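Before anything else, here is the set of structures, which you'll find just below.
Next come two complexes built around subunit A: one with subunit B, the other with subunit C.
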Partner chain A sequence: MTSGLLILAQESTVVPSEFGRMVVNGISLGAIYAILALGFVIIFKATQVLNFAHGALSAMGAFLIASFATIINVPGRWMEGSPVWLQWVLSVVFALVLAALIGMALERMFLRPMIGEALFAVAIVTLGIDIIVRTITNDFIGQTSRPMGDPFGLKTVGLGCANGGFIGEADLVELCTVRIPWTTVFQMILTIALVAGVAMFFRSRTGIAMRATAWDQEVARAQGISVGRIFATAWAIGAVMAAIGGLFISMFPRRPGGVDTFTAFFAFRAFPAIILGGLDSILGAIVGGFAIGFAESAASTYLTFGFLGTGFGGVVPYIVMLLVLLIRPYGLFGTEEIRRV
Partner chain B sequence: MLAVENLEVVYNDVVLVLRGISIEVPDGKIVALLGANGAGKTTTLRAITGLLDIHEGDVTKGEIRLEGVDITDELPSKRVRRGISQVMEGRRVFAELTVDDNLRAGAYINRNASKVKASYDRVMTMFPRLAERKTATAGYLSGGEQQMLAIGRALMQDPKLLILDEPSLGLAPFLVQEVRDVIVDINSQGVSVLLIEQNANMALTIADHGYIMENGKMVMDGDPTKLLKDEDVKEFYLGYHTTGEQKSFRDVKHYKRRKRWLS
Partner chain C sequence: MKMKTKWLAILLVLGLVLAACGGDDAADTTEAETPDTTEAETPDTTEAETPDTTEAEAMILTDIGVDLEAGTITVGLLSDLTGVFSALVQPVVTGYEAQIEAINAAGGIHGLDIILEVRDTGYSVDTHVQQYNEIRDSVVALGHSTGSPHTVAIKDQLAEDDMLAIPLTWYSGWSDPALNANLVPHGTPYCLESMNTIGYIVSQNPDAATIAIASNAGDFGQDSAQGAKIAAEALGLEVVYDGEAKINAADEATLAEVANGIIGSGADIVWVTTSPGAYSGIYGQALAAGVLATWSGSFVAWNFGFLGEESPIRDAIQRDWIFAYPISPWSADTPGSAAARELIQAYDPDAPAYEYYLEGVVEAQLLEVILNAAYDSGDLTRAGVLAAAENLEFMSWDGLAPDQSFVGEPNDIVQRTVTIVRPSAADLEAGGSGLAVVEADYTSDIAAAYQFDKTCFDAFG
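Take a look at the complex of A and B:
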C-alpha cells in the first residue's frame, strides 16, 4: 500500500488534519444529539407528550452514573481485582436501572393523572418536572464537576501517526493525522446498538401497542392494552435514553469531562436535532442528530473568521433547523397528518 | 353469555343517561339493539366494555355479568381477556399504522404466537381485501376497508362476544350488505354478537332477538319478525307510512305525532 499517509508517516512529517478532527468532533456531537433525540422521540411517539424535562433527566442520569461509578463506587468496591471496564459497565447498568425507575415514578406521580387532558397542558407539566428534577440534581452535583470515571481516559486511536504506522493506539505525545478518542468509538458502537434496539422494539408487541396508544388511547384500551403500563414503559425507556445522552455529554468532547450544573442546559441543544428530524421519527432523530452535530462541528472549525467568532457553531443548528422547516414543515422524516382526499 | 340487569349510568355525576336497562345476549346468538341518536346505545356499549371512565361516566346501579361472573367494575383490559371485543363507532382504525400492525395491535392480549397466527390467517381469509393491502397505511384505506379492518382487529382477540357499534355507519348500501354477511359469518363460527344499529332493516333481518331503546329505557323487545311488523318500528325506524308506501317530505310534520308506546 503506497498511501500518502504512510509515506508521510515514514518521513515523520505528520500534520494533524483539521478536517479529520472536525469529522471526529461531528461524530461525537452527533451521537450525543441523536441519543437525546431518540429518548425524546420515544416518549413523544408513545404518549404524544413533548417532554421538556428531557434535559433535566439527562443530567440526573449522568449524575447517577457518576455516583455509582466514582462517588459511592458501587459495585466496584466489592469487586477488587476485576477489570476496571467491567466495574464501570456494571455501575452504568445499575445507574440506568435506577434512572428507569425514577422515570416510571415521575410518570406515575405527575403524568398518569393527566391522561386524557390537553397535550399542551401535559407539556407544561413536563416543564414543572424539568424544574424539580434539575434543581434537585444540581443541588446534589454542587459547584464541582463530577467525573464519570470512564475507563477510556484520554486514550485514542491514531490514524497515520508518526511512528505508530497507519492505524493503532497512540499515546498523548505522538503526532497523528487524526486521533479518534476511545470514548468516540464507544459512543458510536452504543449509538448503533441503541438505534437498532429501538427500531426493533417498535416492531415488537409492546412497541406496536405503544404506537397504537399514541394514536388513540380509547381504542387502544378497547383492544385490551393497558395504557398506564405503556406510559410507564415509555418513560422508563425515555429516562434511560436521557441518562445515556447525559453520559455522552459528560464524556466527550467537553474535556475535562464530568457532569456539572451545565449538563441539563447542554441537553437542550438537541432540540434543533429533534425538530429537524421530525418529532416522531426514529430515523429522523438519528439523521437530525448527526446532521446537526456535523453542522455545528464544521461551523466551529471553519466559520471562525471576522465577526463570526468562535461561538458561531452554537448558532448553526438553529439556522439549519429553520431552513429545513421552511421546506418540510413536518421535519425531514416526521409523519404527515393523514388526510384522505 | 352476557346479561345486563337494571343498568343505570350517570355522566358527570348529574346526567342520567341509562335509566335501568336490561339486555340479555344468549350464547351463539345475534342480538340487535336499536334506537335513535342519544338513546343511550353507545353508553350501553361503554358500560359493558368498561370505557365509561374516560367519558366521566359511572355505573350507579345494576349489574353486568359475563357467563355468570359480575364484571361491572373490571378494567377494560380484563374484560377483553374474558372475551368481550368491540368494534367502535366510526371505525377508529390506528390510521398511522399499517393494516398488519393494526391487526397485531388488536392481538395485544394474546402472547401465544401460533394463536395470533391462526387468528391472523382467519381474518385474512375472511377479508381478502385486507390481505391485498396489508402493508398499506390504514388511514388511506377506503371507508369500507377500514370497517373490515376494525372488525378484523376485534377478531384478532378471538372473542366470545363481539359488540359492534353502528358498523353500517357511512357505508354504501352494498357495503352494508357485505358487513351484514360478515356478521352472520362470524356468528356462525360460534361468536355471540351484540349489534348496535340505527339501520333497523339490516339489523333485524339477521338478529335472533331485538331491543329498542329510547331516552335510556328499553321500550320494546322481542322477536325480530314481530318487531319488523310493528307499526311504530315501521314508521320510525324503517321510514314506511302505516299503509306501507314511502313517506314524502311533505308529510314530515307527521313525525310529531306521539309514538304509541309512550302513551
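Take a look at the complex of A and C:
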C-alpha cells in the first residue's frame, strides 16, 4: 500500500488570455476540419460520391498510426538509437500507406461495381462501409485508450511569458499570454504542406486526369484516361487525409488519451465546413474548415450564456453554414449548376 | 447489369458477415451460455448434483428459472456489450462468468449450477426493456442490470415479477423506495463518492479554497456533481465554476466550453464526472493552458491507457489526479483481491489488470450468497430469492469490496466507504491496473454524517 499523496501546493493558477486561447483552439479545430474536408472533397470531386464513411476512415487511420507508433512499434523496433521523432514520422508514413491501400481496396470492392448507379444509392453504400469499418476499428481499439505516441508531449510555445521571454518553450507553470501546444504547430505546418501538395497534385498529369474525370467520365475515358485508376487514387488520397484528420483529433490537448470510439463521430462535425466551402472546391475546403473552426472556437469561448444552453459552439457552425447557403447555395467556392427549367 | 447484381449480392453477404463479427445479441448470448453449459455443468451433474437434486426436489420451493431435475438456476444479465459503456461492461461480464464458473466447479448452489443468460442492451433503454421481456419467463433473478434509466424502465416489471436485480450503477436514487423495491445496490453511490474524495483532498490540503465542478447530464453525472456541491458547502469551498450537466462526451464543443470555464476559474480543485475520453480531453485543454490543480471526479473516468509509456499525460496525471473506488483496485493487498486476481488470470490469461473484472466478481459473489440463503430458507422462487436478498444482514468480500449490510433503512445500510487511489506508473509496470491505494476503507466526515434519506439528485422525477 502506498501511503500519502502529493497534493499540489496550490500556486496562483496561470490563466492565459481568453482571446489567445480562442485563437489557438480555432487554429487547431480549423486544421482538423480543413484536412477532413479536403479528403471528402477530393473523393467527391473525382467520383461524385458523398463519402459518409469518412469518419470511420479517420478513426481507422488514427488507430493505424497508434498501432504502428506504439502497439507494434514499426519500424521503431528495428531503429534503436535513431531519433524518436524519426521513428514516429516513419510509423505515420507506414500507417498512411496502409490507410491508402485500404481506401483503394474499399473503392475496388464496394464502389467500383456501383459506377453508373444512382448517386443516392452509392452514398448509401458508403453508409454501409462506415458501419463496417467503424465496428471493426472499435473492436480493435478495445478497452484502453490508444495514444498517438508523438514526440511532442505536453510542450507548448509560449508567447508573452512573464519571465520576459516572448517566444520560447514554456514550462507548464510559467505565466504566458498565449500558449500554443507543439501539436498545434505541427498541425498547422502539416496542413499547409498538404494543401500545397494537393494544389501541386492537381497540376500533375494524374491530377489533370482526375479533374477531367470529374468533369465528364465518358469523355475522360475516350481520351485514354483510366477512370478506375483515378477513382482508386481519389479514395487513397481521401483515406490518407481522413487518417491525418484522425491523428489531429487524437493528439494533446484535444484527446491526450488518443483514438477512441468517439473519434469516428468527430469527422461529421466537418460537414458544415465542406458545405460552406463548396462540395467540389479544394480552396473551399480550406477556407470553410478554418472559418468553421474559428466560429466554433469563438462560440465555445464567448457564447456561454445560460439561455443558449450547453454546447452552443457546436450549433454555430451549422448556423454559419445556413446563412452562407442562403446567399450562395453552392457554397463559397462551389461550382454553380445552371439548369434550364 | 447481371454482373452488378452478382457483385452487390456478394458484397451484401460479406457486409453481413463482417457486421456479425462486430457482435450482436444472439452471438453474445451464445458466447456466454455455451461455456457454462459445457465446461461447468457436466461434471457437476455427475459428481455432485444427483444426491443434492433428489434432496432438493423434496424440500425446495421453485417457480421460474430453477430446474431441479436439470440441476440449474438460470440468472439473467442485462449488459451493455456494444454501447457507449461496453468497454467497461464487457470486463464486468467476463469477471462475472469467471466467478460463476468457479462457483459451479465448487458444487454450485447446493449442487445446482448457475447458468447465465447474458443479453446485450447496447445501453439503450428500449433494448433493455425488450431484452428483459424476452428473459423474464426464464430467469430467477437479474445478476445485474446496467444503467440507471434502464433499470428504472423495468422497475414495474421487476415488482410485478418479484424479480431481484443487482443494479450495475451507483446512483444514489436507489435509496428511494419507489425506485428500488427489488434492487440490491452495492458499493458507494456517486454522490457519496464525491463527498469522500473531496473530503480526502481537502484533508491533505487544507489551503484549498475553490472548486470547479462539471459533469454529464443525468443520474450519473449530476448525482456526482450534487455530491461535490454538498462537499464544497460542508468544507467551505467556493464553487468558482459550475458546469453541472454541461458535458456531452460526444460533443467536442461542450468539452471546449467546460475546459474554458475551468481554465478561467482558477480553481484549486477540479471535479469532473464524465467518460474517460472526455475527461482526458478537458484535462488536456486545461493543461495546455497551464492550469495547475488537483483533479478528480467519478472513478468511471479512469482508463489505464492514460498511464501507458506513450501517453503524453503519463507524468502529469500522477501529479494531478486522485480518485475513489467503490471496490478495491486490482493491486490491493487483501485476501479477496488476491483471490479475484488469480481467478481472472486463470479464466482469461490475456485479460489486462482492470477493476471492472473485479466488479463482476463482486456481483457474482453477492449473487451466490443470496442464492445460498434462499436455498437454505427452502425457497428458490423469485420471491424467495428477493426475500433472501432483503434479509442479508452482512456481506463480506474479504477486502475485495467494503463489507455491507442490506437490512434496514437506506440511511443505515448505504455504503459510505471507498478506497482512495491515485494513478501510478509503478503499479502498472508491476502488472497492476495503474491505480495505487492511497488509503483503504476511507470514509470522510461529510459522507459519514450525510443523512441519506433521499436521492442526492432526482433524475427520474
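One rule holds in what follows: the second predicted complex is superposed on the first by the 315 of 341 C-alpha atoms of A that agree within 3 Å, B and C clash if a C-alpha of one lies under 4 Å from a C-alpha of the other, contacts with A are read in each partner's own complex, and residues count from 1 in each chain.
Just so it is clear, contacts are C-beta pairs under 8 Å (C-beta built on N, C-alpha and C of every residue); 3 or more make two chains touch, one makes a residue touch a chain.
No experiment lies behind these values; they were computed from the predicted model shown.
Participant: Looking at the overlay, what does A:Arg77 touch: subunit B (first), subunit C (second), both, or neither?
Facilitator: In the superposition, A:Arg77 touches no partner, neither subunit B nor subunit C.
Participant: Which partner reaches more residues of subunit A, subunit B or subunit C?
Facilitator: Partner touching more subunit A residues in the overlay: C.
Participant: Now for A:Trp215: first (subunit B), second (subunit C), both, or neither, which partner does it touch?
Facilitator: In the superposed model, A:Trp215 contacts subunit B only, not subunit C.
Participant: Under the stated touch criterion, which partner chain does A:Pro147 make contact with: subunit B (first), subunit C (second), both, or neither?
Facilitator: second
Participant: Across the two complexes, find the residues of subunit A that touch subunit B and also touch subunit C.
Facilitator: Comparing the two interfaces on subunit A, one with subunit B and one with subunit C, no residues are shared.
Participant: Using the touch rule from the top, collect the residues of subunit A that touch subunit B in their complex.
Facilitator: Within the complex, subunit A touches subunit B at residues 115-116, 205, 208-209, 211-212, 215-226, 335, 338, 340.
Participant: Can you name the residues of subunit B that touch subunit A in the complex?
Facilitator: 49-51, 54, 75-77, 80-81, 86, 88, 92, 94-97, 101-102, 104-106, 108-109, 111, 137, 139-140, 153, 157
Participant: Spell out the part of subunit C that touches subunit A in their complex, as residue ranges.
Facilitator: Listed in rising order, the residues are 3-4, 7-8, 11, 14-15, 18-19, 21-23, 84, 87-88, 90-91, 201, 204-205, 207-208, 245-254, 256-257, 260-261, 263-264, 266-268, 276-278, 280-281, 283-285, 287-294, 303-306, 308-313, 316, 319-320, 322, 332-333, 352, 354, 420, 422, 424, 436-440.
Participant: Within the complex, which stretch of subunit A touches subunit C?
Facilitator: Interface residues on subunit A, with respect to subunit C: 1-8, 10-16, 18, 21, 25, 69-70, 109-110, 113-114, 117, 128, 131-132, 135-136, 138-139, 142-150, 152-154, 156, 170, 172-176, 179, 181, 251-258, 260-262, 265-266, 269, 296-297, 299-301, 304, 310-315.
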